[in-house]
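Heads up, the thing below is written out as structure tokens.
By letter and in written order, the chains are A, B, C, D, E and F; residue numbering begins at 1 in each of them.
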Amino acid sequence: MNAVFVNGLVCKNPKYVKPEDFFFSGLDKAGDTSKNLGSNVTLVNVDRLAGLNTLGISLARIDFAPKNGLNPPHIHPRATEVLTVMEGTLYVGFVTSAPEFKLFSKVLNKGDVFVFPQGLIHFQFNFGAVPAVAFAGLSSQNPGLVTVANTVFGSNPPISDDVLAKAFQLDKKTVDWLQAQFSNSN
Amino acid sequence: MNAVFVNGLVCKNPKYVKPEDFFFSGLDKAGDTSKNLGSNVTLVNVDRLAGLNTLGISLARIDFAPKNGLNPPHIHPRATEVLTVMEGTLYVGFVTSAPEFKLFSKVLNKGDVFVFPQGLIHFQFNFGAVPAVAFAGLSSQNPGLVTVANTVFGSNPPISDDVLAKAFQLDKKTVDWLQAQFSNSN
Amino acid sequence: MNAVFVNGLVCKNPKYVKPEDFFFSGLDKAGDTSKNLGSNVTLVNVDRLAGLNTLGISLARIDFAPKNGLNPPHIHPRATEVLTVMEGTLYVGFVTSAPEFKLFSKVLNKGDVFVFPQGLIHFQFNFGAVPAVAFAGLSSQNPGLVTVANTVFGSNPPISDDVLAKAFQLDKKTVDWLQAQFSNSN
Amino acid sequence: MNAVFVNGLVCKNPKYVKPEDFFFSGLDKAGDTSKNLGSNVTLVNVDRLAGLNTLGISLARIDFAPKNGLNPPHIHPRATEVLTVMEGTLYVGFVTSAPEFKLFSKVLNKGDVFVFPQGLIHFQFNFGAVPAVAFAGLSSQNPGLVTVANTVFGSNPPISDDVLAKAFQLDKKTVDWLQAQFSNSN
Amino acid sequence: MNAVFVNGLVCKNPKYVKPEDFFFSGLDKAGDTSKNLGSNVTLVNVDRLAGLNTLGISLARIDFAPKNGLNPPHIHPRATEVLTVMEGTLYVGFVTSAPEFKLFSKVLNKGDVFVFPQGLIHFQFNFGAVPAVAFAGLSSQNPGLVTVANTVFGSNPPISDDVLAKAFQLDKKTVDWLQAQFSNSN
Amino acid sequence: MNAVFVNGLVCKNPKYVKPEDFFFSGLDKAGDTSKNLGSNVTLVNVDRLAGLNTLGISLARIDFAPKNGLNPPHIHPRATEVLTVMEGTLYVGFVTSAPEFKLFSKVLNKGDVFVFPQGLIHFQFNFGAVPAVAFAGLSSQNPGLVTVANTVFGSNPPISDDVLAKAFQLDKKTVDWLQAQFSNSN
């Protein structure tokens, strides 16, 4: 028998659907923040929770190490994110599009909520002395993640250093060094 | 000067937009669960956080009193909900549409996640001895809330008791009594 | 050869598509109103008329027995309904969402039209002495149907009677009796 | 006080909304088929039923004179139409897009249903000896109507007859005569 | 292994996707304008550039022979078109829907841009002495094309000449002659 | 009289709409490539061509200086772009999202077409000895533009250099120098 696909994913025969198809477990566990610049995102999207398919939403837990745990500047190509702080303190912000490039930033404490509109570069930073934890809703079952530095300096194969040197006003030696750094980090 | 409206809401002049327009405070505070069947929903939708307009998402905190705190059967007409338990234990479920009327239910513990698809009746119930807290993302900046019992028995003006007696296979005396109860509760 | 699927349904090779793929027959026949509370819905959705797939619309005929034929309170999770009366008289209505729970109702005669917005609980009731017939357009090829009483009291398996007793302010004995009634009716 | 607009239409203050805002009356009345090629469309769209705004659906009654009452080839730029015959017999059809230009046509009797996909040219024709009546649902609150002959030959100002003569392989005299006909008919 | 389909088209395994899947070559070549009324459309849609699937856009080059090269009145059922002239001069226009049937037309020179809204009949005509070239973006990866004359007079099988004679106020002999012309041209 | 707004923009009374409302002039003129890294984008979006409102498309001309004219890495938060080369040669590419960060790049010659999916970082670079010109369609009337370097290093106010130093693995002195560069360039 052929499988039925919706959005490129297998769509289970309704007869055999179970509560577990709408269930995911483990968001109480802190992510490992010893790598990745001191942050860790646990994203419950359609890959991990099949019942989200076509429903236009996902959920994430983000852990931050104390003293500079960083979720670095990134974009979700298909989702707006609304985040709330569960523990600790975060400096967060997003930048509007050209030609204003306005930074809207805020220091968030426990219980504060902030919005990061679809397709805009944003970040979250824990400058505090204790770990921070945030939860976020995203307006797609498959939001996607474009980490700016890794995308620009760590792509595979690399972007021409002529392009990057000019775009970032850096000499090529610095670009090459950055590319080596991020090439290792992916 | 006239105001500019988007989706029926005032759209601020971009020049005067501030970080505060994307900010909400207070989700760390437990809602009062002494009324409303022992639950309390704090919904951060476009009415409370203007920056959500057009962005298709909102966030909620739901508090449950211990020993039977109930978020009773309800529907969001314009949103799917994905919920995670922060504290305590919840018995949750939703029922599929006709003709199957299948109940998909689950007991959720801390860190568990469950999906309630758009337009389906669902509930959350704290049968545990301690308070429970959940956070949820909803796939609309204005999800709407149709509480089944209040809608059916507590509308203003009331639905004809001929209709309700037949629909729920109750005698009219019981329906009238229910309507009196829910009329008071709104 | 593998079948091609769109929205989880087989998409016919365009070469072999025929006029019959856009055709359905039988909306002139009155539905049997001797069961189901005295009403009967004939819904022409994508399951019955394959050519509707992706096109966002379906059509229904609703028959009502005289003297209290009822299409009981229900919701379409994915569609708005616009209905017109062909024969007889109907008392119809829908209830807005929280916290207003306003009932918008109307007695409709032949040629009258009424709108039931997506995701809101609505009903149609023939209190007249002759049969009534209505036709309706729905804004989805797969609108779905959530009949409130059957969903709440007749799901399979049943919702905990603790939940329902509290939600509807009924004693558990009444809830159990209702569950027995609706369990039989599905 | 300023009015609030949604989709360019005034959005009433929810406090003052009444059941009448979701109501339209008169679809039981046959349209006048003595003009317009022997057909008459009564369209209940958002202009006539304000409560349809944003809800993505409208409803139409179409009357046909006996012996060649015609709803001539036309397009709805923003809607699919699903039609059912209430009385009489109709020859209906639509043509697929380039390069096939396949005609899918059918003779419809009472109770038959046919689909006319969005943006495709379609027509309905009563070749029978008695009047015909059809009802249709359309997947937009503002479907729009592009009558082919009136659009092509009766626009204001007229399209250059060089263009039309070449496009329709007619001599300019015939085009000019057609333009005179349709110019009068609008 | 079964293929995965999205929108009825094969969706390549991401592992094997190559730059070529987002690439098309040949828009620098003038289309053959010796047939088709003196125009030629090279449309880069999802059939020719698989990487456009789900992305809602396509691109076209349109060539016009000098002295009356015509892209005849047509409709895109699923797309708005925005066109710019690269070489030569074009008389272009579209007609609004009923009941106004207003023609919005303009003579476009090199560098001019014009919009043809979704589902409205439009045309482009080169009345100049030199060839003309235009490029256009369309708001769908599969815009579709309904050429009015070919659809109406050249469908397969043909539309009844009773319908067409009445709709276009032509005698049946003229209609039959037109049908013979367009039948040959498809 | 109050103005009517759609999407936050004034919607003209249909009576007074003119062909000019669907018209823009000047895409034949080369943009000034002496600044902005040697490229210049002329974007015909809804701000410049009011008739595009709600229609989901815009058009752009991009000019590139010879010898390293660069349209630097950027994102359109609300649109996919499909581009074709009119003159010259371009090295173009986009990078997929995490965790693959694959670069899909290609050297494009006259008549070649490439797709840049919504929300992904992409660039175009003229390494040739002659000027290059490209035209592009974008799948939104208001695509937005997030230039990566200006957003990250040139926002107003600036993003904390702690964040940027860590995210890009640069020392703060380099970050401060970059911020000074891009602060001047906006």
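Basically, contacts are C-beta pairs under 8 Å (C-beta built on N, C-alpha and C of every residue); 3 or more make two chains touch, one makes a residue touch a chain.
The model shown is predicted, which means the values in this text are computed figures rather than measured ones.
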A correct list of chains touching both chain A and chain D reads B, C, E, F
Would you mind checking which chain's C-alpha centre is most distant from the centre of chain E? B
Where centres are the averaged C-alpha coordinates, which chain has the largest centre distance to chain D? A
Interface numbering overlap (same over half, different under half) for chain A and chain E: different
What's the distance between the Cα centroids of chain C and chain E, rounded to whole Å? 41
Could you give the separation in Å between the centres of chain A and chain F, each centre being the mean of its C-alpha atoms? 23
Taking each chain's centre as the mean of its CA atoms, how far is chain C from chain D in angstrom? 27
Find the geometric centre of each of chain C and chain F from their Cα atoms only, then give the gap between the two centres in Å, rounded to an integer. 48
Chain C: which residues touch two or more other chains? 2, 5, 93, 100, 105, 117-118
Touching pairs of chains, all of them, please. A-B, A-C, A-E, A-F, B-C, B-D, B-F, C-D, C-E, D-E, D-F, E-F
Which residues, counting only chain F, touch chain D once they are in their complex? 2, 4-6, 11
Taking the touch rule as given, give the residues of chain D at its contact with chain E in the complex, in rising order. 37, 68, 70, 72-73, 75-78, 91, 93, 95, 97-103, 105, 117-121, 123, 125, 127, 144-160, 162-164, 166-170, 174, 178, 181-182, 186
Chain E residues within the chain C interface of the complex: 2-3, 5, 7-8
Residues of chain B defined as touching chain A within the complex: 14, 17-20, 22-29, 44, 49, 51-52, 55-59, 61, 79-82, 84, 86, 93-94, 100, 104-106, 109-115, 117-118, 135-139
